[in-house]
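You will see two complexes here that share chain A, one where it goes with chain B and one where it goes with chain C.
Right after this comes the complex of A and B.
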C-alpha cells in the first residue's frame, strides 16, 4: 500500500511538473500583460515538433536540441508579441482575447502543414527503469522532474535576482509607476513573451518525450495550464509551481482512490473548491488594489 | 455512292458521342475518413486501400454494369474521426458532390453520427473499421459494414483469456468509444461466466496517453492477467507504462494496430508477449495467398506495409463492384438488393463467415473469424483462431437496435 502511495505520488509529481511549466508561461503573461494567451499550447507543440526535427535531421542529443528549440521558441514569442498583441495594447481586452484565439488556430494549422498529422515521439534513449523498494522510477520521468525543477529555479532566479526580473516585477505590480521610473514596458513585454514561450517549448518537449506531440494535444495542455492558474492564483509564480504539482498529484490520487473515470473532473472540482474558499488562489494574497 | 458515303459518315458521327460516353463513364465514390488527428492511424490506411482497389479494378477494365463500363474515382474528405466533421462531410458529399456511394469510415463515434442520419438519404454507405454495434444494429437498409461489431469478438476473447488459466483479471479500457466498451463488456461477461473475477475496471479518455496511475492501482491488486483496450496509440502507451511499472503478468489487449504502430511508441521489450484478441483483420500469416498479394500490392503502391484494419476498406470496393455488376444498374434500390444477396467476392482479403450463404446478414452486417495474435520478435504472430459463431451472433443481432 505504501509502495503504491509513493508510486502514485511520483506519477503525479512528474505530470504536475509539466503542468507547472505550462502554467508558468501562462501566468507571467497574464500577470504582467493581462492576456489569456491561449496559443501557448500550440507554441509548446511547435517546440516539441522542432526538437524532434533537430534530433532527426542533425543527429544531436535531446538537451542541445531542446536548448535550440527554446531559443527559437523565445524568438517566436517576441514575434507574436510584436505582430499580434502589441498593436492592440491600448484596445479593449476583447481584442487581445480574439487575437489569442486566432493565433491558436494559426499556429495549430501551421504545425499541421509543416510537421504533418502523425504523432511524434521525441527519442531520448532514456530507457532504464530504477527500482527502489518496489517503487519503479523510469529514467525519463526522473529526468523530466529534474529538468522541470531546474527551469523553475532558473526562472525564479531570473525574476528575483536580475535587473530585467526586477523590471518585470515592477510592471506587474504597478505599470504606470514602472513607466514613470523609466522602465521600457515594450522591452518588458517582449522579454515576458520570449520567456513564456521558451518555457512553453520546454513543456512541449517534455510532453513529446514522455507521451507524444500530436494535433489536438495542445488544447488539453492549455486547459490544464489555466486550471493551475486559477488554482494557484492568477499571475502568481509560486502559485503556478504549487498549483501544477497539486493538480498532478490530485489526478494521480483520484485515479487510485476514487475512480479513473473522474481523473479529469478533479481539476475542475479543485478549481471550483479554491474559487469558493480562496477566490484569489492558493498562493496569492488578497489584492488591495 | 456519294449518298452512301454520306450516310456512312453521318451514322459514324452519330454513333461517336455514344461510344465516347460509354468509354468515359465514371462512377464517383465519396470517401470520408480520419486523415488527420488520432484516428488517422486507421483512416489514412483505409483511404490508401480504397484507392489501391479502385486502381486495380480500373486497370482490369472497370466495373461492367449492364451494357456500360464504369471507371471508379473518389472524392475524399478528412472527417478527423469527429462526429460533427463527419456529418458535415456526409452532407457535402451528398448535397454538393452528388455522390451516391459513400465508403471509408474508420472510427465509431464519427461513423455513428453519420449512420444516424443516413437512413433518410438516397445513398449507400459502406462502413469499414468502425465497430460500434449501433451503426448496423439500427437497421438502416442502406448501411453495410465489413467489420463485425465489437461484442462479437469480445465474448470470444473473454473465453480465450479464461482458457489460458487467468483467474483474476485487471481491466484498463477506453471509456468513450462504443466499439471498445461493447467489446469490453462482452469480454467481462464471458470471462466471469467461465469463473473468472475482474479485480478492477479502470478507464481512460480519448486524448489520454498517461495511464500510469490506473496501472499502478491495478498492479496493487495483483491480478494474474491484464486486459487493455483502446486505439493503438493509447494501448501502446499503456504497454510501455506497464513495462516501466515492472508489470510482468500476461497482458491481453484489443486494438488491432500494426507492429510498426506499436513499436513507434513502446520498445520491443515492453511489447514482447503481449496478446491482441481481434477479429482477424489483415494478417498475411493467418489469411494466406490473397492477403500476401494484397500486402505486396499495397507496399508497392504506398511504400508502406498495410495496417491490419486497411483490408476492411479494400474489401468494400470489391463488394461495391460485385454488387453493381450483379444489379446491372447503378440504381440504388437494385444495388441494395444485390448487396443483400451478395456472395463473398473472390478478391476480398479477409476471411468472411457468410450467414445463409450471403456476405451480409439482413442488417447489412458481415462477419469474419476472430483470432489471437501474440507480439514476438517485433511482429504479431498469429497463434490461433477463436471459436466464432457468426450465424448465432447474427440471429441475436437481428433482435437489437443499438
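Right after this comes the complex of A and C.
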C-alpha cells in the first residue's frame, strides 16, 4: 500500500510539474496584463510540434531541439503581445478576451496546417526503467520532473533576484508606481509574454514526450492551467507551483484509487472546493487593497 | 530647472487645468497649495508623464518633456512621491527602496540605502517586512525614501501629510527640511498649507485650475486671501 502511494505520488508530481509550467506562464501574464491568455496551450503544442520537427529533420537531440523551440516560442510570445494584445491594452477587458479566443483558433489551425493532423510522439531515447523498492521510475519521467524543476527554479530566481524580475512584480502590484520608478511597462509586457511562452513550449515538449502532441491536447492543457490558477490564486507564482503539484497528485490518486474515468473531474472538484472555502486561492493572502 | 507654460489638462471634454504656468529653479523648494479639486494632482501627473496635457508645454532641464512617456520622465531625473504612498505591497521595504533606484540599476546603490535608513531609522527595523503591512506613516517614509533613491534632479511630493497621524506629520516636515538641506530641488504639493509654507521658499496658490497667487512663502503667509482661505486667520 505504501509503495502504491509513493508510486502515485511520483506519477502525480510528474504530471503536476507540467501543469505548473503551463500555469506559471498563465499566472504571470494574468498578473501583469489581466489577460486570460487562452492561446497558451496552442503555443505549447506549437512548441511540441516544432521540437519533433527539429529532431526528425535535423537529427539533433532532444535538449538542443527543445532549447531552440523555447527560443522560437519566446519570440512568438513577444509577437503575440505586440500584434494582438498591445493594441487593446487600454480598451475594456472584453476586447482582450475575444482576441484571446481568436488567437487560440488561429494558432490551433496554423498547427494543423503546418504540422498536419496526425499526433506525434517526441522521441527521446530515454527508455530505461528504474525500480527503487518496488516503485517504478521510468527514466523519461524522472527527467521530466528534473527539467520542470530546473525551469521552475530558474524562473523563480529570475523573478525574485533580477532587476527585470523585480520590474515584473512591480508592474503586477502597482502599475502607476512602477512607471514612476522608470519602469517601461511595454518592455515588461513583452518580457512576460516571451518568458511565459518559452515555459509553455517546454510544457508542450514534455507532454509530447510523455503522451503525444496532437490537435485538441492544447485545450485540455489550458483548462488545467486555469484550474491551477484558481487553485493557487490568480497572479500568484507560488500558487501556480503548489497548485500544479496538488492538481497532478490529486489526479494520480483519483485515477489509481477511484477510477481513471474520474481523473479530469478532480480538477474541477478541487477548483470548486477551493472557491467555496478559500476563494482567493491557496497561496494568496487575503488582500486588503 | 522645471518650467511649465500655459498648461491645459482635460478629462473627456472637461478642462480641469486652465493654462497654468509655474517655475521651479535649481535647488529651490516650491510649494503648490490649494483646495481639493484645484487641479494640483492633474498638474503633477502631467509633469510625470502619467497623463497627456491638451495644450501648453513642460520643459525640464532645457528639454521639452511634454507628453513624454512616464518611465522616460522618471529616467530623466524627476522622482515622485505619490499621493496615497503607492507601495508595492507584496514586496519588502528593501525591495521597494531598490525599485526607487531602478533608473540607476547599473550603479552601486548601497550608499543611498544607508542614507535613507539614516534619515528614517525605523526603516532599518522594517527592511525585510512587506510594505503592505506597514502603518500609514511608515509607508510614507518608504515612499519618500523610494523617491530619494532615484537621486533625482527634481523630487515631487504629492500630499505627503494626507491621512497621516499628526505626530508623524511633524516628522515628515522635519524630513522635508532635511531633504531641502541636501540640495534636492523639491516641488511640494500640500493641503497642509501652514506646513508647506514653513518648508518652501516660494509658493503658488492653485484654485479651480488657475494660479490665483504666487510669491515667496513669507509673502504668501501674510497675504490676507491666503490667510483667510487656508491659514484660518
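Methods note: the second predicted complex is superposed on the first by the 289 of 289 C-alpha atoms of A that agree within 3 Å, B and C clash if a C-alpha of one lies under 4 Å from a C-alpha of the other, contacts with A are read in each partner's own complex, and residues count from 1 in each chain.
Definition applied: contacts are C-beta pairs under 8 Å (C-beta built on N, C-alpha and C of every residue); 3 or more make two chains touch, one makes a residue touch a chain.
Remember, predicted model here, so these are calculated numbers, not experimental data.
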item	value
Which of chain B and chain C A:238 touches, first, second, both or neither	neither
Contacts of A:176 with chain B and chain C, given as first, second, both or neither	second
Partner chain(s) touched by A:34 [first = chain B, second = chain C, both, neither]	neither
First, second, both or neither for A:118, with chain B first and chain C second	first
Greater chain A contact set [chain C / chain B]	B
Contacts of A:165 with chain B and chain C, given as first, second, both or neither	neither
Touch list for chain C against partner chain A, complex	48-50, 69-72, 74-75, 79-80, 82, 86-91, 95, 98-100, 102-103, 105, 132, 146, 150
Of chain A, residues touching chain B in the complex	1, 3-4, 7-8, 11-12, 15, 112, 117-119, 121, 127, 129, 131, 136, 138, 141, 210-212, 214-217, 220, 251-252, 255-256, 260-261, 263-264
Of chain B, residues touching chain A in the complex	35-38, 40, 44, 175, 202-205, 207, 209-210, 212-214, 216-217, 219-220, 233, 237, 243-246, 264-265, 267
Chain A residues within the chain C interface of the complex	163, 166-167, 169-170, 173-174, 176-185, 285, 288-289
